[in-house]
Amino acid sequence: MFLIRPRILLSEFLGTMFLLIGVIGSGIMAERLSPSDVGLQLLQNAAATTGVLIAIISIFGTISADFNPAVTVTAWLLGHRQKNEVIPVIVFQVIGGCAGTVLANIMFDLDWFQLAEKTRSGANLWLAEVIATLGLLLIVFSLLKTKRSNHIPYVVGAYIGGAYYFTSSTSFANPAVSVARMLSDTFAGIEPSSAPMFILMQIVGLGLAVLVIRFLFPKSQTNSG
Amino acid sequence: MFLIRPRILLSEFLGTMFLLIGVIGSGIMAERLSPSDVGLQLLQNAAATTGVLIAIISIFGTISADFNPAVTVTAWLLGHRQKNEVIPVIVFQVIGGCAGTVLANIMFDLDWFQLAEKTRSGANLWLAEVIATLGLLLIVFSLLKTKRSNHIPYVVGAYIGGAYYFTSSTSFANPAVSVARMLSDTFAGIEPSSAPMFILMQIVGLGLAVLVIRFLFPKSQTNSG
Amino acid sequence: MFLIRPRILLSEFLGTMFLLIGVIGSGIMAERLSPSDVGLQLLQNAAATTGVLIAIISIFGTISADFNPAVTVTAWLLGHRQKNEVIPVIVFQVIGGCAGTVLANIMFDLDWFQLAEKTRSGANLWLAEVIATLGLLLIVFSLLKTKRSNHIPYVVGAYIGGAYYFTSSTSFANPAVSVARMLSDTFAGIEPSSAPMFILMQIVGLGLAVLVIRFLFPKSQTNSG
Amino acid sequence: MFLIRPRILLSEFLGTMFLLIGVIGSGIMAERLSPSDVGLQLLQNAAATTGVLIAIISIFGTISADFNPAVTVTAWLLGHRQKNEVIPVIVFQVIGGCAGTVLANIMFDLDWFQLAEKTRSGANLWLAEVIATLGLLLIVFSLLKTKRSNHIPYVVGAYIGGAYYFTSSTSFANPAVSVARMLSDTFAGIEPSSAPMFILMQIVGLGLAVLVIRFLFPKSQTNSG
């Protein structure tokens, strides 16, 4: 454990860093290249996010590939993650995510440090975050509990790419991402004052997910598929 | 069976709920963000539907993942589903689908309850529904009968995403979805008076599919692939 | 063999039928919905074709899923298909393809029978058909010869979706498709006088592919991946 | 070894040739068909590149499928490739890539030989190439070292498709591709004077990747997924 810990932390740092590079960077690129159609911007942003999610979950999946405090906490509550790992893993996710946002800013020749001014607020967006997080956690833990974890990269990627569209909040579904997206005043940014409610709603989604997963997958099963 | 039943019903409810959130929600988002090109709207709607289908069939696939009365009835006719499950499963699909539509309406700040006014009618659309349903059922049951059920999420997702385009009806191919899509007067809506013929044609496609599947897969086979 | 033959022929018929429904139908839909940008039309056409290819190769893959005379002839030359099957299989591919085109015409409320007037000619397009066919056959037979046939649906789908763009001919790469696409005067159509050279070039690509495959895969190998 | 060498070299030649046909060809097609929106051009270019990557890595994966000197050198440094193969393999990658570019030029009826005039320079683009190459190499070798090489085609394809967007350089991430893309003055071209710094930065990314991979995957592991 002592020996394996640094690999876990580096994986969470690098993976979340790449995730934010993907989300923020592709948002900037799309905004610049397709100024006349916001839907086309979101399509490019969603497709690129799907791509980076497939990559990072595949790369780090055999070590540690949560990149999301909601996943880490759920993993702990459901017995897939040791309690003493939870805080350090989350810390590295947040640091990695912020590093990724800053790298995206740099890559696209923007001010390194900035605060987003895009307001994302309202009861309907909060509901969207509950639903988005519930769906994401159902994917991760249904696949984990039925020994199909090799499918997680593709299913999470496909889901988030879709959820950018079918939730009105464009599916943050991730507290570390919600924090890191405050640091770029671009397409994917979120005003700091909007983030806390997003995170709170993600926690509500987490609670709901734990209940549903415990009911649907009472104990680990093998799957023949 | 008595013990497993609630898990089946909850799976069908939640899965169909997420399916309709995906279909209706992404339709609204696309319509709002890309007002000037309907093809671009449909592209976003199709991509998001592919994403949510991959997600829900993966999540619930080891429990119960029909989300479609046509699939459930075909499963019963072909010996993959017990007769006494058929009605309750369909009831939960319809309720789940309607719940999903209402949640999509709420998430996008629309009236919670509405009736679509989009007419979808004509012999050519009805033919399209026969073809769309035939293709969908061929996928599900050819994979099931050749022990490749772990591919169903991806193949169904890819097929429906394509069929939004290559059938003139944009491939409802699902009676529960046809009912639930009456409840949102948005991009993916269907006028209540148009739905019955769609459902009838889906049943015709079902009949055709059962004949073809029985002929092509006379008994369950193992596959070396 | 006598017992299995009708299943093979029905599979080839239905699969090629769905392939042409996919190619022609999505072309019509895209042309109608995105009249102002041909690139956007081709993107929708390519995405839908990818979807239908994944579907049909998955559905019929354990029975017979060539849907392409170039694949069938190559399979025979490389010892994967019996000689006496070649002609009947090709006949059913062509009939199925034409049926698919007519069904697409009907679904989109066009004249059932029509001849395309879109000229597709020139040495550069002919080169494109050689390259497109070579690539397609390399996929099918490299995967077959290394026991990875369960990947064929996805790889062929991804390749053709891409090849719509990276070959100047938009990659017909299939004699049965080349014939069937003469029968719809829409986005995906080809003028009858343009088709023979396309088919000839596909045969050249086939010859090249057989040479390369024989060199690269001298005998069937098992793969550890 | 003596017997297998020509198959390796032909694989690297043909694969890199198809890669460049994919990158250059789809760039030309997209530029021509969607003249009014550069984002839409890049979307088509990225999707087609994803498709061709899935194809070529699948086709040649059991023989030799680097198509990238950065991958080949990393493979040698990490003990997956014999030293005496490195130079010949790279030579065939570069020749194959240039052949692919010329074929794309021919297919789209352009001057066979040309030099790109598109300047791609600046510290922010160079940073992007470091990140892009790091990510690519992490994918290839994390999957290789955990016995999941059958996933490489899909993950690399998805990653590069996304990285076209989330890196400001549109992710060349490949010295052979950087050279070959000098030979077409079209959408995907790069001015010869811009290429050396791109290649240098790819080498920096390679160095970083070797360090990270050695730390994360200290020895080959088996994976249960």
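Order as written gives the chain letters A, B, C and D; numbering starts at 1 within each chain.
The rule we apply is simple: a residue touches a chain if its C-beta (ideal position, glycine included) is under 8 Å from a C-beta of that chain, and two chains touch if they have at least 3 such contacts.
Note that the structure is a prediction, hence the values are computed from the model and not measured.
A.B. asks: Cα superposition of subunit B onto subunit C: how big is the rotation, rounded to the nearest 5°?
C.D. replies: 90
A.B. asks: Using C-alpha centroids, which chain lies at the maximum separation from subunit D?
C.D. replies: Chain B.
A.B. asks: More than half overlap in residue numbers between the two sides of the subunit A-subunit D interface, or less? Answer same or different.
C.D. replies: Counting which numbers both chains contribute, under half are shared, so the two copies meet through different residues.
A.B. asks: Distance from the CA centroid of subunit A to that of subunit B, rounded to the nearest Å?
C.D. replies: Distance between chain centres: 27 Å.
A.B. asks: Using Cα averages as centroids, what's the distance between subunit B and subunit D in whole Å?
C.D. replies: Computed value for the inter-centroid distance: 39 Å.
A.B. asks: Which subunit C residues touch at least two other chains?
C.D. replies: Subunit C, residues with two or more chain partners: 37, 40-41, 43, 47, 50, 154.
A.B. asks: Which word fits how the chains touch one another: line, ring, star, complete or other?
C.D. replies: Basically the chains close up into a ring.
A.B. asks: Flag every residue of subunit B that touches subunit C in the complex, lowest number first.
C.D. replies: 37-43, 46-47, 50, 122, 124-125, 127-128, 131, 135, 138-139, 142-143, 146, 148, 151, 154-155, 158-169, 212, 215-216, 221, 223-225
A.B. asks: What does subunit B use to touch subunit A in their complex?
C.D. replies: 6-7, 10-11, 14, 18, 21-26, 29-30, 32-34, 36-37, 40-41, 43-45, 47-52, 54-55, 58-63, 103-104, 106-109, 147, 149-150, 153-154, 157
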